[in-house]
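The structure follows.
For clarity, chains are labelled A, B and C in written order, and residue numbers in each chain start from 1.
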Amino acid sequence: MNAVLEQVFQVGFLAAIIRIATPLAFATLGEMFSERAGVLNLGIEGIMLLSAMTGFTTASLTGSLWLGILAAIITGALMGALHAVLTVALGLSQHVCGIGVTLFGSGLAYFFYRLVFGQQSVPPSIEGFKPVPIPILSDIPVIGPPIFNQFTLVYLAILAIPISAFLLYRTPWGLSLRMVGENPRAADSAGVSVIGMRFQAVMLGGALMGVAGAFLTMAQFNAFTFGVISGRGWVAIALVVFGRWDPWRSAGAALLFAFVDALQLRLQAAGLGHIPYEIFLMLPFVLTIVAMALMSRNAVAPSALLKPFRREER
Amino acid sequence: MSPDVPLIEMRGISKSFGAVKANQAVDLVVGRGEILGLLGENGAGKTTLMNILFGAYQPDAGEIFIEGKPTVINSSADALAAGIGMVHQHFHLAGRMSVLENLLIGIPGKNGRLDRAGALVKLAEIADRYGLKLDPDVAVSSLSIGEQQRLEIVKALYRGAKLLILDEPTAVLAPGEVEGLFAALRAMTQQGLGIIFISHKLNEVRALTHRCTVLRHGRVAGRVDRPAETATAEMARLMCGHEIVPPAKGPSVPGSAVLQLERVSTDGPGMPLRDVSLSVREGEIVGIAGVSGNGQRALADVVSGMLRPNAGQIEIGGKAVSRFTPREVQALGLGRIPEDRMTTGLVTNLPLADSMVLPRVGTEAFSRKGLLKPGAIIAFAEEQIKAYDIRCPGPMIRAGALSGGNLQKALLARELAFDPKVLIAAQPTRGLDIGAARFVHEKFLALRERRCGILVISEDLEELLTLSDRIAVMYEGRIAGMLDAADATVARLGMLMSGAEGNA
Amino acid sequence: MLRLEPRQRTPGWFNLALPFAAIIATLVLCSGLIKMAGASVFQAYGVMLDASFGDTYAVTETLVRATPMIFTGLAVAVAFRAKFWNIGAEGQLLAGAMAGCWVGTFPMAGPLAMLLMAIVGAVAGAAVALIPALLRVKLKVDDVVSSLLLNSIVFYILMALIETVWKDPLSGYPISPPIEDAANLPVLLAGTRLHLGVLVALIAAPVVWFVIARTTLGFKIRVTGENPEAARYGGIGVERIIVLAAILSGALAGLAGVAEVGGVHFQVMSDISPGYGYSGIVIAMLARLNPLGVVPAAIFLAAVMTGAEAMSRATGVPPFLSDVIQGMALLAMLVALLFTAYRIRRRGGAS
């Protein structure tokens, strides 16, 4: 047993957690912005997949990783805009539109990936992002290397948390966004454009989901596969509930989930041979449902979540 | 700017919604330091006119002048920029957010950040000038209704409103709170603000306003220059187009109790019941008065089986029903007219016939062994449509396509068709025009003749005084008092409603 | 400026025309993708049509592919009628397939085996659907997320089983042992794969329609979905109805899995469903949640899937065009639905 524990908690463990948490944090923050404005975005899984594809393809064709990230951001924002047109401008069911956006986005991702790269036995890969150590900080023992010798995107994810909290709680923009999700009529009568704010929130959310997808194909795996997202988007939706629609708690939830995920990877590697590895893959999903059941009493979704807003109704 | 140019002038405003002409060639003028009463029955077009002034709707025709300048108001943002503030009947507040956050919504910050310090200074100033004090950091949901209304007024003042529109502001207040509101409004006129006060309560309009414009069926029915000196009857005639004659009511001959509550207490929703004892007898109408949110909802829910009491006894026709489900209570002969027709009464997206059989779809009349009898359902609906003169193309029309009055008739038909022993009706005439309201009242009185016991929950004291044999007043989940119709006056009821008089 | 104005009534032909309008819009929009892939639009769609409806065999293949999607489409339609957001038909299908397959491996008389497979498969599907329903009713857990996550969980359970204890000892591949020959659903037309399950699916649609339209349970499901508050006031046990709708929905999705095991694959493998559960959502929406409409909608998607593979072989357009069409058809249908409740009007009046 001790050998197993050693294997699990070896030096790279903390680094692995942070690496797994990064795309989840981006995706969770993205979903949180959207839901805080009153729009559930079930398109997240498809948006992440499509952005993962466009980011990877752009980087592969241009040789520039940051152009790839830009492409992923634009893809995410555009897909967010599509979801917003359907759910905000037209007021259609957020549930079903989200599923539609996911199916549509996934279809596009498969289609264009095959169009660009053709059918290959070995999937093409790129030189992904390299860790960038931060001087001095990365020399701190124990926590230095895992936290301060990471991809630039990891640092950006860490920065995104306080920035999100600041935007949401300390700026008029954030107040408008939250009000639009709590009581759109109040925002409207105070001269805030409900439609405009929701578009901004869903598009910003989409852009963040795009970065999350691109992280997987450009930093974590350096290749695109059809199963590259494998439910991470759905998990992000659950993490928003678990994080009670707050940036800090949501990021915390992502970290917690990443811990479980990293643990299952280690346990797999530790060769608990008689247990099928799928059980470990399943574990985070089971725990997410259990966590949602436990949290449900305290969960307070934005009041206007799922409710379309139409002004001239009589 | 010459002082005789009015603050706001609306000229020839018309607005239609489909076939409904909500406003037709309406003129309206408000001067500085003036309180204008905007009077009219429900559906007369007051709210539409004010929504046009506040930019929510665009008029089909007509112009708006602000301090003499023609102004197009395309949105609430335009209205706010032009110095118009509005306090809606249903507050536009987010309960989970703080007073300060609700106040600052839509206001540009300082260097991109919310300007908390500046807001506190300004808030203190407003509190000083008009006596409108608020704690900035509490959640709005913890405020009383009166305080929430105060916040709405402060929101308008904070934005530099020159004209304040108040849509039925006293409907949610206890009589005692009304005086405080009036004092604040008078203080505002001292500072040169103009106020439009929308109401259909004549005594309030006479007490507060300087001039009145009366709307009827979307048109200006008349103007009153000195409301305080004008007879209530004269203003009522302008509003309704005819004298109001209450329906004839026979003498009360109550029998034994059909509904009895013994020291009933509940949990929520909203205000819970505390130790409520009440009885309704055969052939009797008992009114429940009270400011909304004082336990009326829980009372209706607990009687109809929607809510379990956690103490006390409820009996219907002598049978203990505290643990009964809604269906079991219905089977004993309880009918219910819910408060909100659209959300709790009918299913707007399904055919009208479905809504009309909803509570009894499982009975022999409409189904057999789990299979529906579509013929019987449609026949029943058609029969009731005829009997109650429900105006609609047929029983298969979407229920949501009917007007409010016709929906209420449909609900009445569905509950009365099975000869209830007890009927609970909450706000049975809210939002109905005079004709429809009268129809409802006549049906209740006819039901009383047929020995049904009726419990009417209403915020409309006139309605209660017209119908009831006895009136109970609810305050904070308790019965604050029970009056015989003969002893009940608006003043007496008002005292009880504000909790000023505790004895029964 | 355009704005939406509520309609009082919609003409009858309109309701029928909507799905067709949505499908035509989708095909027109997707023709851009075909062009991008450097193929002729007419040729591509022509090959698709030919491969899915060109001869008797093609038609039977399309029907065989439509069968699981008729079941999942019905499953989603029933659930969505009650506003139980069952996104988990995929997992329920897999559960039904595993349970049905397990029963089918026991030797017994053919008809009995088929009946037991159907019952046990339906029960398994219903059991999976029951989890999000109970979580929602008892603990107010969002049914969308929980039913979605369950898809992954059931999938991993399936994988774990066929890679370990339930691995086919003969082939050694990660697939389950095959069901008994006697348990194979009989073929209805010699020389094709048209199996008994196809017939059952075609009968299931009017049966489900009858339940929704003509029984008190169906009435309660409809009312609960449209307005739970009014249902509660009308004496309907809303929680109970949601659970019943979930059971019915899950059972139908489970039957989809049984049909695939009994009629097509005869064993369980990792790719037994290429997302039929998700397609069920598209189908249910195209059918406007009407069980009778599910059949043509499922046949349309089946034709797209069958046709896309042939089209890819003939023109080099990636076969994933069928996925794009599915997603876009759903979105187009949603937009089309808007026009049943609203019409577009130019914002008129004073300027």
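Some observations on this one:
By our rule, a contact is a pair of C-beta atoms (placed from the backbone, for glycine too) under 8 Å apart; a residue touches a chain by one contact, two chains touch by 3 or more.
For clarity, every value in this text was computed on a predicted model and none was experimentally measured.
Any chain touching chain B that also touches chain C appears here: A.
Comparing the chain pairs A-B and A-C, the larger number of C-beta pairs in contact belongs to A-C. Centroid to centroid, with C-alpha atoms defining each point, chain B and chain C lie 46 Å apart. Separating the centre of chain A from that of chain B, both taken as means of CA atoms, is a distance of 45 Å.
Note on chain placement: the centre of chain A and the centre of chain C lie 28 Å apart, centres being C-alpha means. Under the contact definition stated at the top, the residues of chain A that touch 2 or more other chains are 312.
By the touch criterion given at the top, residues 8-9, 214-220, 222-223, 226-227, 229-237, 347-350 of chain C touch chain B in their complex. Within the complex, the chain B residues that touch chain A are 17, 54, 56-57, 75-81, 86, 88, 92-97, 101-102, 104-109, 112-114, 155. Note for the complex: chain A touches chain C at residues 40, 42, 46, 82, 86, 90-93, 95-97, 99-108, 110-111, 114-115, 230-231, 234-235, 237-238, 241, 276, 278-279, 281-282, 285-286, 288-289, 292-293, 296-297, 299, 310, 312-313. Within the complex formed with chain B, the chain A residues making contact are 170-173, 175-176, 178-179, 182-183, 185-193, 300, 303, 311-312, 314. The touching residues of chain B, counted against chain C in their complex, run 18, 58-62, 304-306, 325-327, 330, 336, 338, 343-350, 354-355, 358-359, 361-362, 367, 370-372, 374, 393, 397-398, 401.
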